[in-house]
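Order of writing sets the chain letters: A, B, C, D, E and F. Residues in each chain are counted from 1.
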Amino acid sequence: MPELGKYAFEVVLAYGASIGLIAVLCGASVWRAKRVKTALRAVEARRDKS
Amino acid sequence: MSLWEYANPTKFMRLSGAVLPWVSALAAISIVSALYWGFFLTPEDFKQGSTVKIIFIHVPAAMIAINAWFMMLVTSLVWVIRRHHVSALAARASAPIGFVMTLIALITGAVWGQPMWGTWWAWDPRLTSFLILGLFYLGYMALWEAVENDDTAADLTSVLCLVGTVFAILSRYAVNFWNQGLHQGASVIRVDGVTGADTAEKVSNVYFYPLALSMLGFFLLFVALVLLRTRTEIRLRRMQALLARERVN
Amino acid sequence: MSNPNDTSNDLPRGGLRVENLTCTRGGVPVLRGVSFKLSPGVAVLLRGPNGVGKTTLLRTIAGLQPPLRGSIEMNGAIAWAGHADAIKGTLSVSENLRFWASVHGVGRRGISATLDHAIESFYLGDLTTRPAQSLSAGQKRRLGLARLCVTGAEIWALDEPTVSLDADSVTLFADAVRAHCAAGGSALIATHIDPGIEAATLDLQPYSTRGDLNDAPSGGDEDDDETPLGDDVFLSEGSL
Amino acid sequence: MSNPNDTSNDLPRGGLRVENLTCTRGGVPVLRGVSFKLSPGVAVLLRGPNGVGKTTLLRTIAGLQPPLRGSIEMNGAIAWAGHADAIKGTLSVSENLRFWASVHGVGRRGISATLDHAIESFYLGDLTTRPAQSLSAGQKRRLGLARLCVTGAEIWALDEPTVSLDADSVTLFADAVRAHCAAGGSALIATHIDPGIEAATLDLQPYSTRGDLNDAPSGGDEDDDETPLGDDVFLSEGSL
Amino acid sequence: MISLLIRDLRIATRAGGGAGLGLAFFLMVVILVPLGVGPETQLLARIAPGILWVGALLACLLTLDRIFALDFEDGTLDALVCAPVPLSGVVLVKSIAHWLVTGLPLTLISPLLGVLLNLPAEGYLWLMASLLPGTLSLSVIGAFGAALTVGVRRGGLLLSLLVLPLYVPTLVFGAECASSLMNFKDPLAPFIFLIVITLGALAFLPMAGAAALRANLR
Amino acid sequence: MISLLIRDLRIATRAGGGAGLGLAFFLMVVILVPLGVGPETQLLARIAPGILWVGALLACLLTLDRIFALDFEDGTLDALVCAPVPLSGVVLVKSIAHWLVTGLPLTLISPLLGVLLNLPAEGYLWLMASLLPGTLSLSVIGAFGAALTVGVRRGGLLLSLLVLPLYVPTLVFGAECASSLMNFKDPLAPFIFLIVITLGALAFLPMAGAAALRANLR
């Protein structure tokens, strides 16, 4: 941990919040991608059978 | 082979599927290293202390927030003129990213403003116009959600995006006009000083390289997320179409 | 304006030709390859079970939604009457009709004759000064049909016009359609009951590849070589 | 609760007695001295030209508006289905039915059997997961009628239930009414077409002083010795 | 009753259902006021509690017509009146659903908007404390107003007219409570009044609303 | 076209038509703000032009959904699309009708409400001068937003969300113009911008609105 001086709270808060938001965005995107992919697989499998 | 062929979902899926892992990996590497560099390895500014490190998130996020809207504008135009579905879906996919980036720029700016200006929020023209940009994103996403027919929604959001762009530029101008002459001492303290002329060249470079790397990283992240989300939207539409056909037969 | 294809010189005035039409509803194709022709002076009943796509077909022909594939040609103006009557509850019966007449370009002088004719055709004489919201279901529907008479359109596209009408009113409606056809107009009427008009029947089959008009040639197969539109883009073979 | 008079011990369960009823619509009396009786297991068709007051009568009986004069007695719960279907477009077909079942006190355990029965009766099996707004006119109406089956009410008051239904669906409806009557319920149905149910007919005459039920005794003349109510207060003889 | 609450929440969170839109409107009032009034921090801090309360009130007002109008138009209300559930219970449940969708999120987000208006730090606690019961009473009073105007087509604005005077006590006590610390006054007295108003509204207005609904369905 | 204008005005002035309700709402915002903010004369005078402009904007916003939603629901819009009149003309006429019913009376009554907020005498002229073209552009922009949301059931609040950011330039220039004399600035520059925005909106937005309407009717 570097020495952040009297503004340590602000800097860590800014980094924390931003990285958190980016993580949420990426996580949500990936999670939704996975879910939609499996759902589509199921539908396509059903189509290919019939 | 023309560029437009990538508007075919199958082609787009093939190409984007090949590119996506590389872009994601590059984005991850450059962002992580840029933020590590920025957070751990840069010195404190003599005027701003350690808060200057916020710049490595704040500026790239603000940049992406603006560019995401620009990309929506272009893809909306493509949809209106050539009616390529992938284009409309790409616009839809990039809106949440732009919104989150706006949010990040606002939050980091607010956190930065507290020590620098002594307040979390000031009605500075630049901040205000960013807030309004955030509202445009919100409205755009809400309209996509609210209209059930996807083609109709694409038409409506495209029109909104075109008109909205004009009004966003207008309000940027208006807000400048409105806050003119207030001369809040606070808004004078810009970090231009850091990268600009009145500090030593050497110090400037200390901040400039990680900042440039961070901007590259954010840009790659944006590309990766747009590709991923567009792929999801395409799969979703395909699933709806297949389900509909299933019902029919 | 709303019908980009209405300048076809080989069709007589009041004629309508639909070729190989595919319509969508909510992004889903519900009718495929419907072809038929409507000549002036002819009324056609559109039949088919619930959900087959009658409403969708009529809206497409009226120009309210674009077809996914196929062409619609017509010579003349088209008037559309759906489930909603396009009637304002706070205006009186005659104010409503007067408004629609002037929107359809009936001039100052012609207007009162036009209104009188419409009011008489649908037996609304006693109700002219009543606000439309105080009418019963059937009375309101009669007013909605009277609106058709003041539009002066050659082609009528009607979606279940006889809903809520009693037997006498159905007769009034049949007379109005007959008069319209006699004057060289044509009508396409979706209905589940028999309105008592001498008319050909277009039977839509569920998810049929084409409709069968029992006395008109229905041509053309579905051709897939056109650019795919709508959700068809997403229906490629294989998996994504 | 909504029907203050529904505790009459001389009526069998599912019975309804209307005596000397005068109904108003928008302050104007539209029906005078209607009297009839509905026994359990019986369906009655309400007929009459447009604007005679069928909707008004049904709403009055369902307790949605108070009668001007006369009495309504019933033994059992009443379910009302009007022109609007009481269906939420954003909920799916089964969510809509489930909601109405639980509002009408169908418990956790009974609910799925009840739903299955209603869905089967109106042939909605293929549509259960569809949001109701994407249904066609006839499909939506079938859903609206299926709602009646889950209410468990003994008396059905239906206003033009067969609107938009095709022939097959009308048969489904007739079967449902027959099953309801066989289970001891009764139904009062306003309609302009013949739904194919073996039922008595109550013919309302325009501004009649009483309805004529062709096979039930219709008792009582209009008696003017009651206290005048509603706008009748202002209609006294003589000049003011 | 529970199923009615669940259904209302479910409809609100579906596409086009309107959850979150009250929130968005609240946000926008708070943004518009500085744009109109000017950017001076001092001035904004002075008027912040008042503007936040007025914004919450307007956001609530705008969503009121959804409470009954949609159910009226599609016949659900007719059917509910015929169903074996007490109508005043229906009114109560629907107003609580409205609060859960509008007032509660609005209260939770209010500190954030306080930042935008440069609200001083000591104001936040009592701002939220006053908004929490305050918005509930706004929803209940509003549901009564919505019941009164349900027959009128697009009665949204007539509804506003009827309801606004009824909102005055809540607004006055609420804003008083939220701004009292800044003015060196005691926040407790107006807070107690706020609670009393809320409880009173919860106890009596659903019945009045049910009566109004019955009259409107004639 | 003229007959459409006449019909719209006639409907608006019939019972339940909504003329005057925008006005009433305007009045009430102006009354609520002192209740929320507190009664200090100085403070109120400072914020008066801004509050009046925000009030006018909200009153306009609230009446927007009437422009097309009623016509959509009863099928009038379908019939108008089939009729031999240009759809962008319909949008233009309807936004002008909305202005005549809402914006114009609101402008005329604004000096009266200025008194309630202790607006100094020199403010009145430019307040009215800015509201006159300003409310017209609010109506035109709003009609575009209403066309976007016409298919969404009870889209009133979504409409607000979409339209409010579009209103920002008008609001900023309008409020600036109205308050400039009090701040010893030149009112002419913002006034000219206001006029330019209004003319631009009149020229282009009806077309965009017509496109949106067509898409919504599919």
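Just so we're on the same page, a contact is a pair of C-beta atoms (placed from the backbone, for glycine too) under 8 Å apart; a residue touches a chain by one contact, two chains touch by 3 or more.
Note that the structure is a prediction, hence the values are computed from the model and not measured.
Novice: Among all the other chains, which ones are in touch with both chain A and chain B?
Specialist: Chains in contact with chain A as well as chain B: C.
Novice: If each hop has to land on a touching chain, what is the smallest number of hops from chain C to chain E?
Specialist: Tracing touching chains, the least step count from chain C to chain E comes to 2.
Novice: Can you tell me which chain pair comes out on top for contact count?
Specialist: Result of the pairwise contact count: E-F comes out on top.
Novice: Interface check for copies chain C and chain D. Shared numbers divided by all numbers used: above half gives same, below half gives different; which is it?
Specialist: Both copies touch with mostly the same residues.
Novice: On a C-alpha centroid basis, what's the spacing between chain B and chain D, in Å?
Specialist: 58
Novice: What whole-number Å value describes the gap between the mean CA coordinates of chain C and chain D?
Specialist: That gives a centre separation of 32 Å.
Novice: Mark out which residues of chain B touch at least two other chains, giving numbers and ranges.
Specialist: In chain B, residues 132, 135, 138, 142, 146-149, 151, 175, 178, 235, 238, 242, 247 touch at least two other chains, as defined above.
Novice: Please output the residue numbers of chain D that touch at least 2 other chains, ranges allowed.
Specialist: Touching at least two other chains: 83, 89, 134.
Novice: Can you pull out the residues of chain A that are in contact with at least two other chains?
Specialist: 40, 44
Novice: Could you please specify the touching residues of chain D with respect to chain E in the complex?
Specialist: 1-2, 62-66, 77-91, 95, 98-100, 102-105, 147, 151, 153
Novice: Could you please specify the touching residues of chain A with respect to chain C in the complex?
Specialist: By the definition above, chain A touches chain C via 40-41, 44.
Novice: Using the touch definition up top, name the residues of chain C that touch chain B in the complex.
Specialist: For chain C paired with chain B, touching residues are 26-30, 207, 229-236, 238, 240.
Novice: If we count contacts the way the header does, which residues on chain B are in touch with chain E in the complex?
Specialist: Touch list, chain B to chain E: 110, 119-124, 128, 131-132, 135, 138, 142, 145-148, 175, 178-179, 182, 184.
Novice: What residues on chain F touch chain B, complex-wise?
Specialist: The touching residues are 144, 148-149, 151-152, 155, 158, 161-162, 164-166, 168-169, 172-173, 176, 185, 189-190, 193, 197, 205, 208, 211-212, 215-216, 218.
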